[in-house]
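Take a look at the structures listed below.
Shared between the two complexes below is chain A, which has chain B as its partner in the first and chain C in the second.
Here is the complex of A and B:
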């Protein structure tokens, strides 16, 4: 029998983000991007290309949600508001002003960023359930606005088609171009969020998740950081919205239907909240379930509910969290051998 | 204008029925119950099932529907809500939402997705001068007032009510007195669910019956609870009638905007009085 080892001191080996760590992040970023790009390229032959575009857009959205929920620890039940805002402002720009898709994407991002700035000012003051419900209320207001008072512009429930011209290599009519562009956007978002979450700012928002009062004691203005995070997440969700509008060439109020929010929460949880890879894994898993299971199983909402319950009671770490645990388990004996 | 006020009162009464259970559940167990209005929809669907069986006797089928709701809410409490005590709010939110999803899908499975009409069980009108009021709405309003006083009496005079009120203030203190708080909490939960079922049954002849009816009214009930203050009985009563009146007045001038106006009121209240949970 092996004798019991003295417990290792549980001091985190990484005291803070030093310059070396930032360099390491920079180097690792290339590997991360390569892995993601090759994973999605591998998916293309397995499932059709337009589905993969869908998957990637949803992954961008799940990443933006993960920033709020996984990293900052605030559950939002109205994140689709930003996706819908991006989609609608992009679509309306193309319909009424100019048919340039790149410009429309920029407009969509800008509008959802502005919306994030204003909604964030109100919303970040609340915590817990109030945060979730206020987001839900704003989402409901947005859904209602496009459905009814702005009916003349947005065509109400029917929605409207988007006919964008091609610009440079961005050609919404060509699936390959669209795929490459969406992949580029996903990699860009991933890289940006990776840098953001491993910076001192990222550590600060994770500390807000742990205990906001203590962070405030340290002298940080937590409202500002929460607001900033909310705005960034809203902007990224807006990007996902513009991409989905260009991809479907069609917008209707369903893009910001309040009940759709459960999808992204599910994706984030099943993938493992608080990890960027987790958001991507969860996004792909959710899209697989909703695309394929919905065809084969009639009662798929029930399945979704049951699996959410399972996750809450048994599987909180999610896919990526379990992989990390396994990885640790597999690696630990090797590290301990020379020491013991 | 009188019609609008009457509509506001009956809407407020329905909102009160639904929100009171939510408020009590939150106040006692600190669980945000997204599955609360599931019993509301189940009550209505049971009513639809029972009405033809009982030869269109509304009261008998309503009573039976509420009796069916009680064991269902007991099961939900025992197997899901009780495991969520002391959990972080996110997980309770998600778990109870999952129950709602399962319940809505079951309703769709059994009764189909199409809306069912329920006719006004009384159907007569009260005539005062030139004005006619549907008696049914007046009865709903009267029931709500009666329920408010009954609940006040229950919580002020009976020992069970007193224990629950004390547990709202300080749960651990009550437990130290040797009282099994959890048992009373599950009683409160079942009471709240039964009241939600009653609210649904009373609302069915006014509104439409469809599987997602619970979700749309749930958001309104949350708004009522937040405006009135979580776990406060009087606050819930007054905010229910205020918001019902807001809905009625908005609907008079701008019919689609009624629900949105409630959320705007809720957002304003939250802005000036954020609740830390």
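Here is the complex of A and C:
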């Protein structure tokens, strides 16, 4: 081995995938938003507008879950805590303080965000099963709090009705108006999360998913970024909760029942964890199954189990992941094959 | 640059390093050799803040760093390249470099230039997922990534382990190009590499310092070192 000065190459002026991706995010964001909006608009004549609103709210929730599970690699069995917190905060605000729906949404988001900040401080220290179970424990605490100790204001198991007034462009009593508002929220959440996950921060949380210790070797305080991601996910879930409360005009403990967490995990898995489009595809697929299979089959949940087995053994990338794999396969030039 | 004094490290009750002392001057490459289980990797992990020392001191640039976290050490210019050749496999090669560039606030173009300068072939793999690279390419990427952000001290664990001869030669050239620019503590079993690059060689045996070779003529005598492997 002789000492040799390595040649000093010039940098390829063509932008790499991250730069391309970020540019594409900026340039094509409106196309993404148009595709999503068109898809949900097309669903309206096929299924009822009420259900489409429900689908969109669930998709917002699935997007928030995908941030911590799909992108950061932390499986939570208690994410419904934040949806429920958003729903209860919004509902209680309308019931006891002010009937302004927009203000109630902001309160719901803020309370969920604060809860995410405090719960996140504790749970993001854990990983794996411990993380999942700590979230489940917090979800149980929230569920029993609204069920029993706070029943004087939450009305316990019976729940309570919400009668919000219309304010500015938001009228929860009008289904078309509610549909447009939920769609706007979904598009906004998608756009923000797309920007976030395509940024250096997105690369960082994907790295944490792969190997957190090695991210620390690169000088990052991973605890802070995990906590931040958890809080953002909780806040977005809280928004979904507020919309759910306004859409149903009713809140009861079912909104944060721990058993409901299965649905969002399933949605992310079937759609393709770690892809925003996957969360939306999975959200719609799950809602279709849970809404329509239940009409024909009494114990439709059995099919969720079978589908999960199929995903685990044959379909691990989910709907969107499989589409991307096929796309990559067709597009990859031969020179991109790895050298030996 | 780096001075370790009377370092004891244990995993629970099992003591792995006993009273280890050594120093590395600025721009020097110190190699550690020894059999499997001698405590070489434990030593690097302790310097990098992954394991707490039981006793002893670790002084880096005149400051005590024992007990510092890996992220604090990174910001002080210490880089660790583990023996597992673990890149972020689901990120592209470019993103693997990008994440180091952001951490050290180095412009991406500059970081890319630095990494591709040591191995120009990487330019054609920038868009590829790092998990698709061969073992040698991953190791080169890891060494290149460690150079982002003007490091002062490299800790490299078995850089040539399990690699083909041609790749070992490539890594040798890369490390040789770094001589006098950064200090390095390298754990290595490949004596040809040690002979080629080392300014100092330390021999670890059963967690204890069994010898130190400083003279270049003695380093060239690989027979002396062989008996410790």
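By definition in this document, the second predicted complex is superposed on the first by the 308 of 340 C-alpha atoms of A that agree within 3 Å, B and C clash if a C-alpha of one lies under 4 Å from a C-alpha of the other, contacts with A are read in each partner's own complex, and residues count from 1 in each chain.
Methods note: contacts are C-beta pairs under 8 Å (C-beta built on N, C-alpha and C of every residue); 3 or more make two chains touch, one makes a residue touch a chain.
Because the structure is a prediction, the values reported are computed rather than measured.
J.: One more residue to check, A:114. First (chain B), second (chain C), both or neither?
T.: In the superposition, A:114 touches no partner, neither chain B nor chain C.
J.: So, A:44: does it touch chain B (first), chain C (second), both, or neither?
T.: neither
J.: According to the stated criteria, A:302 is in contact with first (chain B), second (chain C), both, or neither; which is it?
T.: In the superposed model, A:302 contacts chain B only, not chain C.
J.: With the two structures laid over each other on chain A, which partner does A:148 touch: chain B (first), chain C (second), both, or neither?
T.: first
J.: Report for A:180: first if it touches chain B alone, second if chain C alone, otherwise both or neither.
T.: After superposing on A, A:180 lies clear of both chain B and chain C.
J.: Please identify the positions on chain A that touch both chain B and chain C, taking each partner from its own complex.
T.: No residue sits in both footprints.
J.: Please give the residue numbers of chain A that touch chain B in the complex, ascending.
T.: 69, 73, 75, 77, 122, 125-130, 132-134, 136-138, 140-141, 144, 147-149, 258-259, 262, 265, 269, 299, 301-302, 304-306, 308-309, 311-313, 316
J.: Taking the touch rule as given, give the residues of chain A at its contact with chain C in the complex, in rising order.
T.: Against chain C, the touching part of chain A is residues 1, 3-9, 11-12, 16-18, 200, 203-204, 206-207, 209-211, 213-221, 335-336, 338-340.
J.: What does chain C use to touch chain A in their complex?
T.: 48, 50, 69-71, 74-75, 79-80, 82, 86, 88-92, 94-95, 98-100, 102-104, 109, 112-113, 116-121, 123-128, 132-134, 137, 169, 172-174, 176-177, 192, 196
J.: List the residues on chain B that touch chain A in their complex, please.
T.: Touching chain A from chain B are residues 32, 80, 83, 89-91, 93-95, 97-102, 104-106, 108-109, 212, 215, 219, 222-223, 226, 256-257, 259-260, 263-264, 266-267, 270-271, 274-277.
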